[in-house]
Amino acid sequence: MFQHSSKLQYPVKVDKPDPQFAMLLQQAIGGVEGEIRVAMQYFFQAMGARGDDRIRDLLMSTATEELSHIEMLGHAVALNLEGAPVSYQEESAKDPIINAILGGANPRHLLSSGLSAMPVNANGVPFDMSHVYATGNIAADMMANVAAESGGRVLASRLYNWTSDKGMKDFLSFLIARDTYHQQQWLAVIEELGGLEKNLPIPNSTPEAHEAMEHSYYYLNTLTDKDAPMGRWNQGPSLDGRGEYSTRQKPEPEGQEPSLGKAREGSGAQKEQM
Amino acid sequence: MFQHSSKLQYPVKVDKPDPQFAMLLQQAIGGVEGEIRVAMQYFFQAMGARGDDRIRDLLMSTATEELSHIEMLGHAVALNLEGAPVSYQEESAKDPIINAILGGANPRHLLSSGLSAMPVNANGVPFDMSHVYATGNIAADMMANVAAESGGRVLASRLYNWTSDKGMKDFLSFLIARDTYHQQQWLAVIEELGGLEKNLPIPNSTPEAHEAMEHSYYYLNTLTDKDAPMGRWNQGPSLDGRGEYSTRQKPEPEGQEPSLGKAREGSGAQKEQM
Amino acid sequence: MFQHSSKLQYPVKVDKPDPQFAMLLQQAIGGVEGEIRVAMQYFFQAMGARGDDRIRDLLMSTATEELSHIEMLGHAVALNLEGAPVSYQEESAKDPIINAILGGANPRHLLSSGLSAMPVNANGVPFDMSHVYATGNIAADMMANVAAESGGRVLASRLYNWTSDKGMKDFLSFLIARDTYHQQQWLAVIEELGGLEKNLPIPNSTPEAHEAMEHSYYYLNTLTDKDAPMGRWNQGPSLDGRGEYSTRQKPEPEGQEPSLGKAREGSGAQKEQM
Amino acid sequence: MFQHSSKLQYPVKVDKPDPQFAMLLQQAIGGVEGEIRVAMQYFFQAMGARGDDRIRDLLMSTATEELSHIEMLGHAVALNLEGAPVSYQEESAKDPIINAILGGANPRHLLSSGLSAMPVNANGVPFDMSHVYATGNIAADMMANVAAESGGRVLASRLYNWTSDKGMKDFLSFLIARDTYHQQQWLAVIEELGGLEKNLPIPNSTPEAHEAMEHSYYYLNTLTDKDAPMGRWNQGPSLDGRGEYSTRQKPEPEGQEPSLGKAREGSGAQKEQM
Amino acid sequence: MFQHSSKLQYPVKVDKPDPQFAMLLQQAIGGVEGEIRVAMQYFFQAMGARGDDRIRDLLMSTATEELSHIEMLGHAVALNLEGAPVSYQEESAKDPIINAILGGANPRHLLSSGLSAMPVNANGVPFDMSHVYATGNIAADMMANVAAESGGRVLASRLYNWTSDKGMKDFLSFLIARDTYHQQQWLAVIEELGGLEKNLPIPNSTPEAHEAMEHSYYYLNTLTDKDAPMGRWNQGPSLDGRGEYSTRQKPEPEGQEPSLGKAREGSGAQKEQM
Amino acid sequence: MFQHSSKLQYPVKVDKPDPQFAMLLQQAIGGVEGEIRVAMQYFFQAMGARGDDRIRDLLMSTATEELSHIEMLGHAVALNLEGAPVSYQEESAKDPIINAILGGANPRHLLSSGLSAMPVNANGVPFDMSHVYATGNIAADMMANVAAESGGRVLASRLYNWTSDKGMKDFLSFLIARDTYHQQQWLAVIEELGGLEKNLPIPNSTPEAHEAMEHSYYYLNTLTDKDAPMGRWNQGPSLDGRGEYSTRQKPEPEGQEPSLGKAREGSGAQKEQM
């Protein structure tokens, strides 16, 4: 069960409101790199967690923190929209340059939300929940979480670079720090489960009899005019400790030519296909 | 530039067509764990790759292989739909049990595709390209790729468990093997870039001055009625070698109460809000 | 069965074409507050209406009017796109300020629609029909309709405020008026059904035995650091005449700790979860 | 800032797991009538609330309760999936009838989530955040909230009717009760703002000069072969106290025939259009 | 402006209600081959039509007819849902076979719509308006319309084959007939514009100077292990009368190797990419 | 099975990078008129092709070419983003005019992709695979392909008109040429199948007994205030050689008034509907 305390997790200040930056910040709310995604991803992973209860608690606890991040970002968007023009009569809209700047703003901040945050990304596309990755396999989920936090920290760093607002830079430096931790938090779960080698390949519960292992350790070089790039991926022992990497240069197909034959009567095809 | 050879990468056989299994296989084509996703993800990552050209080649080469996986799965779906009834007049549909089994099939395999594969998942939801994760940060992208291949191998293992068809089991054992390799291929790129520690936090190019590092290494325990779960995530040196993990139990908010004040005239609010 | 008459329901004039305003007007066509939504919502409610036939007629008749609103808005968008530049060679595009103004326009009005309206919102996101709310419960549907018309009139008022075009202001004042009526039209249906109290809670056909009524009349204050806000919602007799409002301050969970235990074999989890 | 307590708001028991009912319950999680929607809708309304702070607190507090409802439903789905077959080898899948029953289940509960809840509806379609209605106008938002809670209680009642599981019936009777309250909670906000008449038309801040009031109070009967249905909607004083309802039978268009003339050169049309 | 007459365009009867067929019929309402799509496509094409006013009238008139088709299908769905069980207590649901048959039904017909039609396809996926193809180029639009009507008639034929209900077969034979006509109606517009050759390539207003015409008439055979298939497409004069068809066997790339070089500082990449 | 060669199909040069044009080019990648769509459409049609194997080869071969078009466009987008500002500190962003120009750019090119292409359209909306039209009926599919290539050439022509960049004009003239060919390639398949008349109506395998042919050849004039527009569509022998075109002026409905009667108990309706 959730509770709520009325103050924000961290102070959110905006020195000079900027409707364009409000638009950019939306990516951190409703983008695939954003906070709705991680909040919901950890929440659903927690609800489906099986095995070590500590990991379930970790997931739920961090989902809860991410909800607080949405709250801070929502406030940051609203503060950046303070003073945005709502009509041509307003001073700011009379100036062609300022009007032009509105080009990069989200018109729906004015039209649809009354100058506040929306659950959309920086293009105004609503977040959709298909991005909640929760497989029920704890190692696969941790990898998805590290990926999400990596994308999140890349985004926060780009937002930090973009803005020159001191308040926003301070707030973003906090988000960058929390993303630093969360990347490692999920990697630490892998450690706690025995480390990467032991957990590979994911799922490690698939019996070897279910796997055509003669195809498990070669790099397939489908490039017709280049030799395979050489590196750790096709040289040395495999990271799961079960094999040795190699390369298949210019591979030939091993399968048949797929032909479906004639269409069946009554299947809606043209006569010429039957 | 792409070319195509007329045979499949690996043989695809179906011993006993099963329209329900055709529906399940769709997840491996058009699901977020599926092959369209990885093909397109590696393709777009390749087109945006900057830095070491070997990695670009690796991405493009593997994108190309994944296209061949779509092709095999598309054939597998069509083969499983051979003999599916197209009308109540057909023998198979007269049998109430068999008719009932159709419950788990995708009616659009009949209505929309003429008994062949579609770019949708096992619920019939079309794949959408927002799932192509390509940030331009090579480490973030590799993590997303490992996550995608982990989800893929989990899915292929579940499909393997579900079916009792010998041909399908053989085909899936091939996909399981390739997913084994691809998980490690992308992890090997991280090795080639200097290893995980050197690449953390992602992006490792963010200056420390942009990060509120006093918030970078603690686990925030937002659980009100439980102590923090203890583990590698809140004990010992950090995985990026820059700090020491700790815990914040029952944290207090550090920020202000967010209040937006009154609504502006002309902003479409109720009079009572102004 | 539908018919069409070749003239618009109300005159649509544009004094000075404005491609940016064309973009904003799209919200009234393809936004969730827009006319496609209400046209389709009333149409599907009509097709599923059971009970009093007058309400079905009302729904179908108003659906028909809303189709005419789409038609007027579509014309308004096209008129605002008259003269928008289609190349850098054109006079208007040579001026950097004017070019900049294009920033707030929808590039797809040029690229995809040939300077006419599209079924998208002001961010260019296509309308999707999941926003057609039609439950088969007449009171729930009327509430959804009042909500839709309220959002619609908020939007039309904001568009009116934004534009300084006399023709557009006249047209929008007509839409504002019709939204005024339609809000009340749907509320009047509730009156006709016996009034709000009689219709609450919705659905009023759910037997009291299906409801844990000891939980039906308290406000749950989940705020940890604040007392419950006091108001009509937690004081006095309930609006449905069945109870008395009260408050639960700082509620304790009544349920169990949800734990799923170990993962099953063959379910694709990691070994460590089993 | 959010916190979390480890127990559920209300006990969730399942007497006899039923994978089909797990599928149906998904509508209450990820459907437009579901809990993700109301949780996020109240959350975003709270973040954009302007005016009376009590209403902001009410919104945030109830958003927090709805998050706890997602949590209970997520557990209910997982409990209903206990024992669902993961392969043809399992006893339950050998029985053709039981296998057939799987027809109504969600295959992605097996393939994608590892037998737990997903943020999708009963068709497996992911929730998308465009359904978060938050206009910044408090009366419009309250109407959207009443509509959402009405849809929610209709759904919970239908789920209650469908299932014969005692545990599930008890749990659903709790959700039905909370929906009863929340419908009235939002209507009570309207009362607190001065009552319905004072708040109509929404937004009540739109000056009358912006409205073509001669079009504000008639029912437009677009039906060609029927007189207007008579009722409160076209008889008596208007609900906003500003006018008198009437009817326009078989209305004539008042506008022009919309004609766009010839296509412009360079606009991508056919020569024949120019 | 639209009007509505209270009777259906054509009689709709259902002899034996079938909830599974209700689900299949949804494809003809909310599928990409369905009636919402063509109604809206012709409507938006009409609103953007430039040039010959007859074609605009044709588009608007046919859009209006398609709205009437939605109305008939909506009724057909509701009639097929008559008697569908709403609880386990009902006779029909007690029978395991009948219950199993529900597997192929849409649970949201019960849960969300109260046993009536929804704007979704046969998988329950809502129609989205991105499928409204309207380019402003009359020839391109006619081709899209022929394609839509072809898909529509394929679908109606498959539905006809599937059902054994006499009423439904009669109704579908009407839809099949109208699709026959509409395919040809749009092809006849091409005739009226001077015929296919004159209208090719589309758009025919693109100056030849904008086209690298040395690449306009060869078939590119990207197949590595097969000669080009021979046919009208690579033999004889071109259908637009401007060239002669030929073949490029095993084509070599003509472009450069695309390499983006190093990542820029401050762009969020890894150090190793810079 | 697919292969890849490291060079582009055709040279891609950009003389003067333009972030706004990068945004416009996205329509040709991820728009419904774009290359992902045709690549995937031909690919899925090929996988479901039944009948003449030459057509399957044609489809697969052209799908492969379209993948190479995505690759070129992806490079074109990245080249246009060279030098786009990533912070306010950069020279270019200090200039208000240049900053304003960013209004028309896609902020996610900076925030999400690291200055490279994404699988989205010119509004930033991700491509979704529901636009892959593949019915299993070869004639319907060819019509969909002609429509797609027509939309594609309209788009490429508009992009050509918009840009003044010499490199981009050269590249677009190549795409225009290939679209010229592909339009005719698919029309040539119809020729090869015996020509248009023989293939109409689509599907031509539907028995005449399944069609209410008295409704197959009239234009239905639903316009109440205009006579039917006269043209090839309602005059002369039908294009399929089976009938004669005519007109129905001001048609009367032939069907019943659809009335669903009362709602059933337990179906979640209001009492007043029962």
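Should a chain be cited, it is by its letter among A, B, C, D, E and F, assigned in written order, with residues numbered from 1 in that chain.
The rule is simple: a residue touches a chain if its C-beta (ideal position, glycine included) is under 8 Å from a C-beta of that chain, and two chains touch if they have at least 3 such contacts.
No experiment lies behind these values; they were computed from the predicted model shown.
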Which chains sit in contact with both members of the pair chain B and chain F? A, C, D, E
Measuring centre to centre with C-alpha atoms, which chain is farthest from chain B? C
Would you mind checking which chain's C-alpha centre is most distant from the centre of chain D? F
Between E-F and D-E, name the chain pair that shares the greater number of C-beta pairs in contact. E-F
Chain F against chain D, contact positions shared by both copies (same if over half, else different): same
Per the C-alpha centroid definition, the whole-Å distance linking chain C and chain D comes out as 11
CA centre of chain B versus CA centre of chain C: separation in Å? 32
Note: chain F residues in touch with at least two other chains are 1-9, 32-33, 47-48, 50, 53, 57, 60-61, 64-65, 68, 71, 75, 78, 86-87, 97, 100, 102-104, 112, 114-116, 120, 123-126, 128, 130, 135-137, 139, 154-155, 157-158, 161, 202-203, 205-206, 222-224, 226, 253, 255, 258, 260, 263, 266-269
Per the touch rule above, chain B residues touching chain D in the complex are 23-24, 27, 31-33, 97, 100-104, 121-125, 154-155, 158-159, 161-164, 222-226, 253, 255, 258-263, 265, 267-274
Given the complex, residues on chain D that touch chain A span 1-9, 30, 36, 40, 43-44, 47-48, 50, 57, 60-61, 63-65, 67-68, 70-71, 74-75, 78, 112-120, 126-130, 132, 134-137
Could you please specify the touching residues of chain A with respect to chain B in the complex? 3, 5-12, 32-33, 53-55, 57-58, 60-62, 64-65, 68, 71-72, 75, 78, 86-87, 114-116, 125, 128, 130-131, 133, 135-137, 139-140, 143-144, 146-147, 150-151, 153-154, 157, 160, 169-170, 172-174, 176-181, 183-185, 187-189, 191-192, 196, 200-203, 205-206, 210-224, 226, 228-233, 238-240, 245, 251, 253-258, 260, 263-264, 266-269
Listed in rising order, chain B residues that touch chain C in their complex are 154-155, 157-158, 161, 224, 266-268
Parts of chain C lying in touch with chain F, wherever the complex brings them together: 1-7, 47-53, 56, 86-89, 96-97, 99-100, 102-108, 110-112, 114, 120, 123-126, 135-139, 193-194, 199, 202-206
